[in-house]
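In this document, chain identifiers A, B and C correspond to the written order of the chains, with residue numbering beginning at 1 in each.
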Amino acid sequence: MTGPSRWQAIWTGCVFVFILTPIASLVFFSFNADRFPSLPWGGFSLKWYVAIFEDVSVRDGFWRSLRVSSVVALLATFIGFAAAYTDYRYNFRGKLPYLAIAALPPTVPVLILGLGMLSFFSMVNLVGTLYAVIAGHVVICAPFAMALIRMRLADMSPDIEPAAWNLGASRWTTMFTVTIPWCMPSIFAALAITAAVSFDEFMIAWFVSGLEETLPVRILALLQGQVSPRINAIGSVVFFISITLVALAQLLGGRAGRGT
Amino acid sequence: MSTPAKSNRRIDGFAVFWAAPALLWQSAFFVVPLGLLVAMTFWVVKSYRLTPDFVLRNWERMFTRDYFWTGYVYTFELALLVAVLASVIAFPAAHYLAFRARPSVRRIAIFLLVIPFFTSYLVRIYSWKIILSSEGVINVMFGWVGLGPFEMLNNAFGAVIGYLTLCLPLTVMIQYFALSNVDRSLIGAAHNLGCGALRTTFTVTIPAARIGLILAATFAFILTFGDYVSPAYLGGGTPPTLSILIVDQTKSGNHWPRASVVAVTMVVTLITVLFSALFAAYGRPGARR
Amino acid sequence: MSKLITPATGLIQRRTVLRGMGATGAALAAPNIVRAQDSDKVLNLLCWPGHNDPAVIGPFEEATGIKVVAKEYVGGDNMVALVNQSPVGTYDVILSDAEFVIQLRDGGFIDPMTPDDYPFEDFFPEFQKFPGHWLEDELYSVIIRYGFLGVSYRTDVLSREDVDSYQILLDPKLTGKVGYFDWYLPSMGCLSCGAGNIGHPYDINDEEYAALLAMMDQVKGQNAGFYSMADTFSSLTNGDASIIPGVGDWITQLLAADGVPVDSWVPKEGGVQWTESMCIGKGSAKQDLAKSFIQYMTSPEGQALSAVMPAYNASIPSKAGWEFLNTNMPDDAKRLRMTFEDDNVMDDYAQGKINIRKTPVQQEIEDWTDAWADFKA
């Protein structure tokens, strides 16, 4: 390895250390007995894990987040796929504004979306329901699904579908036998990403969830109200679950991809 | 052979089925709430109750306040700083991954880059709080060599650490994809013409990857500009960023209209920045990728 | 516990009636989306963080089989905002800061209460007709706990003599060490005392308001930061702040018990009393549950457990609660200065240094929040 290249490798290592330090630290300190975690190590303890498993509000929040993120993943991936396919297949007047509406939500800060959605949902009497959280999360998740699926579609020749039509297959048959199977890996990726984004989103949920606090909203409340290593324990549990899901999605996605 | 153009002109059930969901959903839950936000800037609050009206008072009140402009300038500066910092810090790493790293290293690196997206941002910020506090891990370590303690929380430094936690993984990722797509033969040609590594990077690689690099910086700017958690929990809330102003306005006395004024100002700023960036990336004549 | 059993048994018959009413209500409000918390075994409580701690409400939940679900807020304005955003009837019990009860009443968010339902005869006379809880001779809220706000400080940096005047905030050795709990009302109230508005920190004319603003301008250069509730605890613990005006025992009692060198004091210019009280939400389908919950919180046991609430301790208005505390938790009673022999918190009350916290009388709330925002910028 040449000189400058070595320095570049070290720099890259440092960047990764920075990115991973908070994650490593949260797992590490979740096993620390001290209430105000620092060095030296305060002794190994599982008490924060016991505390969160016993804490009903944390447990309820977890299940709510899980329910919300599964519904959001399905809805957002469907909407994202539909928009990506529309962009891929059709040209029409007003396509640019259409794409703008479909793709831009993530560029608006979630804080602002939350504020707007709170006013809107309180008018239609949906504030304090998980429906409001789901509706809000789909808004920011669908564009991610759309981007992922659109990238995959970009690699599909535009002549394949018309070829199938010419051979007598209906549009619907073509969609289900050609297009969707082709997109399967990106659909799995989109499901995983949107579920993760929804599971982690706390700003919109904070504004509109009312008493139906999701897990991140619960964490935010803990962060504001008390100093507690319980946050580390929650973070670690969520981390391991999400990593398992990612690995699973990759495995499934990879298999489906190879299957076509 | 039938071309896609033929199907383009047909408006049928099939097409509407795929085009409609995004349009309907985003209109109902994105466009309408944002429109409501704009409308709300003209409303009034009467004894904690939001009442539709048409007054300019909220705009006047916010725009004549020093704290609003202090917050605006501070937020903009921070976002700009983080966009530059994140880009500069990320570039050598993205460049290394794209051009120098062995495939096995690259695979692991990408996996590690994905991890933060699946770890609660809130929890990562809490983690930094523990690490950076005056009795935290870093200061304890400094103490071992007789240094410190350094104040790393409740100031701009803390906020920037938080912002970088938010932006850096994405910035590295986008830059890496942009650099991976640069035509290797261009770089090879530059080398063959006797161009040094550094010179090649600046005259060939960066211009070729310009779109991705600008997008990465823009995303860092957008994320930082709107983030609430880092400035509030690591930055100590002083001076308040625009996001903190929004939350403060809604918490104290239910000033929704004024929070909306801040929000609308932010959205306008972000749209301006986004379009300037897109123009810089795609719009310059003769700069096609 | 004896207090609990009587209303709880009566509750069952009434609940059947209520359920019927609830169902009719739901049918009328169709297409209403059913909320998971609508179950009649659940009591929705809007409160400051920590009030649904099992250590406080555990006995109530056990005795009644009812689950208390809490939505937490920080600061009375935040509370009013949350109530405003929620559909009518979302919260069965609202824990309000005393000065915001009138806003809840005016906004039509709470119902009047029946005084005979609650054990006012157990309370110290000072708290039997607490100002702001009785509006036009109707009871709207029942006091649960209170505390005094002055300054909280690190005892390794400052002595009690040092902090006997708010002038200490300007001391050069505290530059960059004066922190604030990020809520304008208690903070500006104490600063108002310090600015010379003694005895009426919230009822100040233009000149006195100008003096408050001048005081804030002066101390601004000393600021360390503006903290959330958690950070108020941790900044004193780790020394980021050496002194925090506008807070008091509710912050330091628990820290001191943990061995952190901190204490609180009400300077000679005076301090502020915070008061938490419970109201019954208008439109709550569980009025009787709400009532029995508030009965529990005002019972001797509920009072004593609330005094030692793990999130932050407080003083309690019930003399019977004091007795319960002294019998069952004598150490805590001593620590919280709620014993009958020694110099206790009721003496502070009598000294006249304490002003009851109010929303601004002569200015708009907006003016104060703007001044606070300027102070923070």
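Going forward, contacts are C-beta pairs under 8 Å (C-beta built on N, C-alpha and C of every residue); 3 or more make two chains touch, one makes a residue touch a chain.
These numbers come from a predicted model, not from an experiment.
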{"item": "Chain hops separating chain C from chain A, counting only touching neighbours", "value": "1"}
{"item": "Most remote chain, CA-based centroid, reference being chain B", "value": "C"}
{"item": "Intercentroid distance (Cα basis), chain C paired with chain A, Å", "value": "38"}
{"item": "Length of the line joining the C-alpha centres of chain B and chain C, rounded to whole Å", "value": "38"}
{"item": "Chain A and chain B: spacing of chain centres that average the CA atoms, whole Å", "value": "17"}
{"item": "Two or more partner chains touched - positions in chain A", "value": "36, 223"}
{"item": "Sequence positions of chain C contacting 2 or more other chains", "value": "74, 228, 234, 238"}
{"item": "Chain B, residues touching no fewer than two other chains", "value": "50, 133, 135, 233, 250"}
{"item": "Interface residues, chain C side, partner chain B - complex", "value": "74-75, 77-78, 80-81, 84, 103, 106-107, 182-184, 223-228, 231, 234-235, 238-240, 365-366, 369-370, 372-374, 376-377"}
{"item": "Touching residues (chain side chain B, partner chain C) in the complex", "value": "47-50, 65-67, 70-71, 133-135, 151, 153-154, 232-233, 236-240, 245, 248, 250-255"}
{"item": "Of chain C, residues touching chain A in the complex", "value": "32-33, 35-37, 44, 49-50, 52, 67, 69-72, 74, 85-87, 90, 228-230, 233-234, 237-238, 258, 311"}
{"item": "Chain A residues touching chain C - in the complex, by the definition given at the top", "value": "35-36, 56-57, 118, 122, 125-131, 210-213, 221, 223-227"}
{"item": "Chain A contact footprint on chain B (complex, rising order)", "value": "1-8, 14-15, 17-23, 25-34, 36-37, 40, 50, 89-90, 92-93, 95-97, 100-101, 109, 112-128, 130-131, 133, 135-137, 140-141, 164-165, 168-169, 172, 197, 222, 225-228, 233, 243, 246-247, 250, 256, 259-260, 263, 266-267, 270, 274"}
